[in-house]
Amino acid sequence: MSLSPMQKAPLDVPADLRPRYEQNFAEMTRGTGRLMMMAADQKVEHLNDDFYGPGIAEDDGDPEHLFRIASRARIGVMATQLGLIARYGEDYPGIRYVVKLNSKTHLIPTKMGDPDSRQWLSFEQLDRFRESSSLPILGVGYTIYPGSRAEPEMLREAARLVFEAHRRGLLAILWAYPRGAAVSDERDPHLIAGAAGLAACLGADFVKVNEPKAKDGRNAAALREAVRAAGRTRLICAGGKEESVPEFLARLHAQIHEAGAAGNATGRNIHQRPLSEAIAFCNAISAITLDGATAEQAVALYHKELSASSTTG
Amino acid sequence: MSLSPMQKAPLDVPADLRPRYEQNFAEMTRGTGRLMMMAADQKVEHLNDDFYGPGIAEDDGDPEHLFRIASRARIGVMATQLGLIARYGEDYPGIRYVVKLNSKTHLIPTKMGDPDSRQWLSFEQLDRFRESSSLPILGVGYTIYPGSRAEPEMLREAARLVFEAHRRGLLAILWAYPRGAAVSDERDPHLIAGAAGLAACLGADFVKVNEPKAKDGRNAAALREAVRAAGRTRLICAGGKEESVPEFLARLHAQIHEAGAAGNATGRNIHQRPLSEAIAFCNAISAITLDGATAEQAVALYHKELSASSTTG
Amino acid sequence: MSLSPMQKAPLDVPADLRPRYEQNFAEMTRGTGRLMMMAADQKVEHLNDDFYGPGIAEDDGDPEHLFRIASRARIGVMATQLGLIARYGEDYPGIRYVVKLNSKTHLIPTKMGDPDSRQWLSFEQLDRFRESSSLPILGVGYTIYPGSRAEPEMLREAARLVFEAHRRGLLAILWAYPRGAAVSDERDPHLIAGAAGLAACLGADFVKVNEPKAKDGRNAAALREAVRAAGRTRLICAGGKEESVPEFLARLHAQIHEAGAAGNATGRNIHQRPLSEAIAFCNAISAITLDGATAEQAVALYHKELSASSTTG
Amino acid sequence: MSLSPMQKAPLDVPADLRPRYEQNFAEMTRGTGRLMMMAADQKVEHLNDDFYGPGIAEDDGDPEHLFRIASRARIGVMATQLGLIARYGEDYPGIRYVVKLNSKTHLIPTKMGDPDSRQWLSFEQLDRFRESSSLPILGVGYTIYPGSRAEPEMLREAARLVFEAHRRGLLAILWAYPRGAAVSDERDPHLIAGAAGLAACLGADFVKVNEPKAKDGRNAAALREAVRAAGRTRLICAGGKEESVPEFLARLHAQIHEAGAAGNATGRNIHQRPLSEAIAFCNAISAITLDGATAEQAVALYHKELSASSTTG
Amino acid sequence: MSLSPMQKAPLDVPADLRPRYEQNFAEMTRGTGRLMMMAADQKVEHLNDDFYGPGIAEDDGDPEHLFRIASRARIGVMATQLGLIARYGEDYPGIRYVVKLNSKTHLIPTKMGDPDSRQWLSFEQLDRFRESSSLPILGVGYTIYPGSRAEPEMLREAARLVFEAHRRGLLAILWAYPRGAAVSDERDPHLIAGAAGLAACLGADFVKVNEPKAKDGRNAAALREAVRAAGRTRLICAGGKEESVPEFLARLHAQIHEAGAAGNATGRNIHQRPLSEAIAFCNAISAITLDGATAEQAVALYHKELSASSTTG
């Protein structure tokens, strides 16, 4: 079977590593071309705000919760920082990982300063980790903030990160969030399309953006401009803050099946739930993303799994 | 046939690579010494503003549009970021490429901060890409903003980029735009001449400047100072915002045949049109740039090609 | 006997160095999994303020005081700068060392500028020192200030420092103090938990935080959130300013036995005392940290040792 | 014949390259120990302001004018940027070159920001150019702005540049201009003497300063302090803005024969003239600098050469 | 004879270079453990202010004056920039040198900006110079400004400089001057003690501080805190501005014999005198520093030498 243009390795992947890239792509997307990414980088990005407090399951206070979910639910990859992977990976060898290579805290609000985030580890260090850990690391992640005064350095790091990932047959995922004093509306559909196109120029395999806010309220339709601007770079949306299961799944279905998004990146909506709920919710998401289920089918699956787990639990 | 001084390799090209440099020059200019460059770096520089909206062809929303045009029209080279080349290049091996090695978004307006733009990939990375891609990469591009507070670092990167390009037999094209709080009139003819001369001192093979605005309205005449200041570095003008086909071609003709410009760099005026129009327009530009056609001849060619394509299309 | 998950080497420790890491961990924690660290980096962090003046023993004016204490008391490790270790280490070969690799003075108050602190020596230099000194260097230390404008560079240095320490079988301890114009309450329990989780994502083996201040006054209880957020990264609290022996020991006992802290890092409370008092105080701390003594038992030990030393002294 | 202390190679020149250094010194000073340097770096430093406009010969608009003058007049060296040398050098192999390794534009006035200028090319790149070009490159040049906020980085680059030049047997010339918000009078004689002494501490072979302005109007006398402060580093004065030939030559004579300057660095006063005048002017300058002619003899030579060229021209 | 702890090489000196370090220490201190350092870095630090003007001997205008003094007087080492050493060293091979590796001008007053000073040459370059020059270079020097906003980078450079000096068996001397907007009283005794302790943590062999100003006027007594805080790092005081010979020598005697300083670093007070006076003054200083003479004995020696030189001169 021939690969679609979006599945083929880009030309910065050396010839001898093209099969590995394509295999990594297939594993990450579970053979569907669509990605269900469990985004688990918030312990840095949001400190403990997403992990403790009213409405957050007590389970979530312990970082191992993330690994418990990822190891039992049906996801594509879990993206998190190398420090956590190094500490828990030995006990969770079945998880496929994306190493998030930069992260910052949210302590400095945008009104006090433009966002900036540096690459933590070099690729030479990552290579040594891949070797010493033997874990299935399929790709790397990096956040850019177009419009920040630190944009020049972040674009440089991002371009090099994508290139070096491809040199190793790894995939590269960019989180692209326009932000800074010069950005008046972070969720303007046209701006988000620009960020998606920028990620394509940087060579990203996947770009994670925030869902745009359309003036007419038709956010999924507004997302189409961005999906198009990204070209062969596949676009996925951030999950955002917690909301009800049916609302979340309906929104996700529209992103993928109306706007053409290539999957999802979900964090808080998953891990803030107790383990069994989190697993059920992951599986409902994957039903839409990977299997083409309707939102209603996914909601039904969620409730079925939950009641099964409460019976057996 | 002996080469003109402008066609000969500069002395920072090693002896064994002089033939390659001269061949790259000949290919890029299609043997004419003049350059028709399709500038396609706007997905970063202008985000999605140039690719979507009123007056912009729907085709332009997809990055592949750029490659479709460049592969079918008669151009010298297409200049764009490596990420796009890596993703689409395999399907468009006939395009000759200039890799634009730095780019920034336009999100921070000049009044909020001086422009800054860093080199994305190193030459070592570019070398590996040339090898893994086997694409005809003839040169590299880089934008400098003289007058910006970031000027020292940009001049340093530009000088090294030109030098390293020549070391490999590649050509180097500098985009030179005076800009920043200290620059009151970006299109002052004398200032643009200064930018052209600066690019010559940096060793550029081609310098792309904005067309100056003359007080007496004779812009092409005002451009002569810059052509002269550039010396053996060949000067080309940016195409600017969209305007009517006859106006554009008349202006281009004056730049080349009155002021002595060595070609053109055109972006939005090309890709914002539907595919067949874009191709016809490219070919009309090339008639002036490469064949010495008059503006009227070029307009006629444009209409002829368009009607042919609408017949066959 | 199998190791607990917290005692096992993380996966960035190469296979051949895992035994050394585990031995270093066992030595540092004296086989208990808990750490009694004598923090002795204040000659830079606080200049001479902690070493001279009313209420400070005259002994403390001489840097050798630190080494005298550490060599005679029962501690896990002493953490200080390489310059001091190089100068005194030959005479104190029995001390186990953590090399504190960054430090800053306190001269610029937070209201005049966000804190910033750079890594002094490279790991290549540290390797050469380990070889030339033959001292038992078990780990390295580094301070991060989340919320400072210099956070991006500090997180980068910290991540690399942890990684490179592990590559050598060494342990890495992060001092994590949220600080800067954007931080309104440095001792907010939730924020401190965030800093602890951040250190876990950076891969730290131990994280040293300030004890939180709970609104209800129950600081030890408030610390639990942080212990939990740190996961398998072990949390220890800074000793803080001098206070009475019973108060200090009671607080320490609560941190460890109520909140689950994995030890303590104490500096001023130790070295500002005359030598014999300092030793007795260290031993009382270790009774709680390493032996599970009650606060009362530890106070009794302190007085017993003091009276013994005044008899023999 | 033994060399004077000022002619001997400094001790950072390796033993095997001392003969080359001394030969470079002899060639650069045409065996006199005095330097006639044609300073031709203004296309960056002043953009096109020095090359086009009222009172400037039309010849000067073309960069090749600089090479035509330097190849036909009697000068020691021409100092300019590598980009121009690479482009024109093959046609002007008889010129001896100093590669000016940093340059900035004058677009940001001092009142808007302190001056900053970075080294463009590395010495490794320069080495490759010397090899690929086979041109007689005798030395390198670099501008420092003492008193600027960027001083620390410029002093560092300058010290390394001098050192690396000497390592290759090349000479190093520093342009030293105190400038910035902290500098109230750039031409204060005492300050200029300080800049000259600073250049000596940086190891420069020649230091180019602006002629001081003495309160009593006796500028040449005021220059003596600087000549003395420079010690064995030879001092030359910048030529400054255009003035009449007799005035210029009288001033130059006083600088050399009254104040003890070791030559001159002249730019605009030369190249803003038509070719034949420029050549005659260079030769008049060299008569004073290299031959010890009086100002009157030099003026006479200038007029003699001019009338000869107008006869033959 | 066994060495005192202060004379022994620290443990960052490799075993095979310990004899060289100890020999360098012995030579620098002329076997006494105390240092008479002629500080001659002011041509950068103070430009020409210390070398020309009322009350300054005319001799001082020529940099060679420094070498003439150092070669004829009894000093331990002369500290100055590499550029001067390279230029004059061949004629003054008998001087022992400390290469001052950073320096800045005083043009920016503290109220306009915090002080910053970068290392000029790398250790690789210094190694090559030691080889090419064959001069007796015993150590290196570096100035830190604790409290400046540039402190993090200076502490990093200083720590690495000390380490690399020791790796080569060289000594490292730190000039430590708290300064910047955050420092209200640069000569506060407690602050100076802090700077001395900081230098010890950086591993310095000697630390040069300004003499503190005590509230009770007993400056020498106030210095004791700093001597103590420096531990095994030996403390010397800067000579300060010119004052009368007896006053200077009495102050020096108190620093050494009352406060326990390990020598002196004197600059202006030496070189602003005519050669014979300068030599006599150096020798008087050395009588106190190296021989334990009283201030009165040293004054007598000064007058005796002066009258001898005026007789023979």
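As written, the chain order gives the labels A, B, C, D and E, with residue 1 at the start of each chain.
To be clear about the criterion, a contact is a pair of C-beta atoms (placed from the backbone, for glycine too) under 8 Å apart; a residue touches a chain by one contact, two chains touch by 3 or more.
A quick note: this is a predicted structure, and the numbers were derived from the prediction, not measured.
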Can you list every chain in contact with both chain C and chain D?
E
Where chain B and chain E are represented by their mean Cα positions, the distance between them in whole Å:
58
Chain A-chain C separation of Cα centroids, rounded to whole Å:
36
Multi-chain touching residues of chain D, meaning two or more other chains, are none
So how do the chains connect up here, line, ring, star, complete, or something else (other)?
ring
Counting contacts the way the document defines them, list the chains around the ring, chain A then chain B and the rest.
A, B, D, E, C
Within their complex, chain A touches chain C through residues 41, 43-44, 47-49, 51-53, 61-64, 80-91, 103-105, 107-109, 112-113, 116-122, 125, 128-129, 132-133, 135, 150
In the complex formed with chain D, which residues of chain B make contact?
5, 8, 10-15, 146-147, 149, 151-153, 155-156, 159-160, 162-164, 166-167, 178, 180-183, 190-191, 193-198, 200-204, 225, 228-229, 231-233
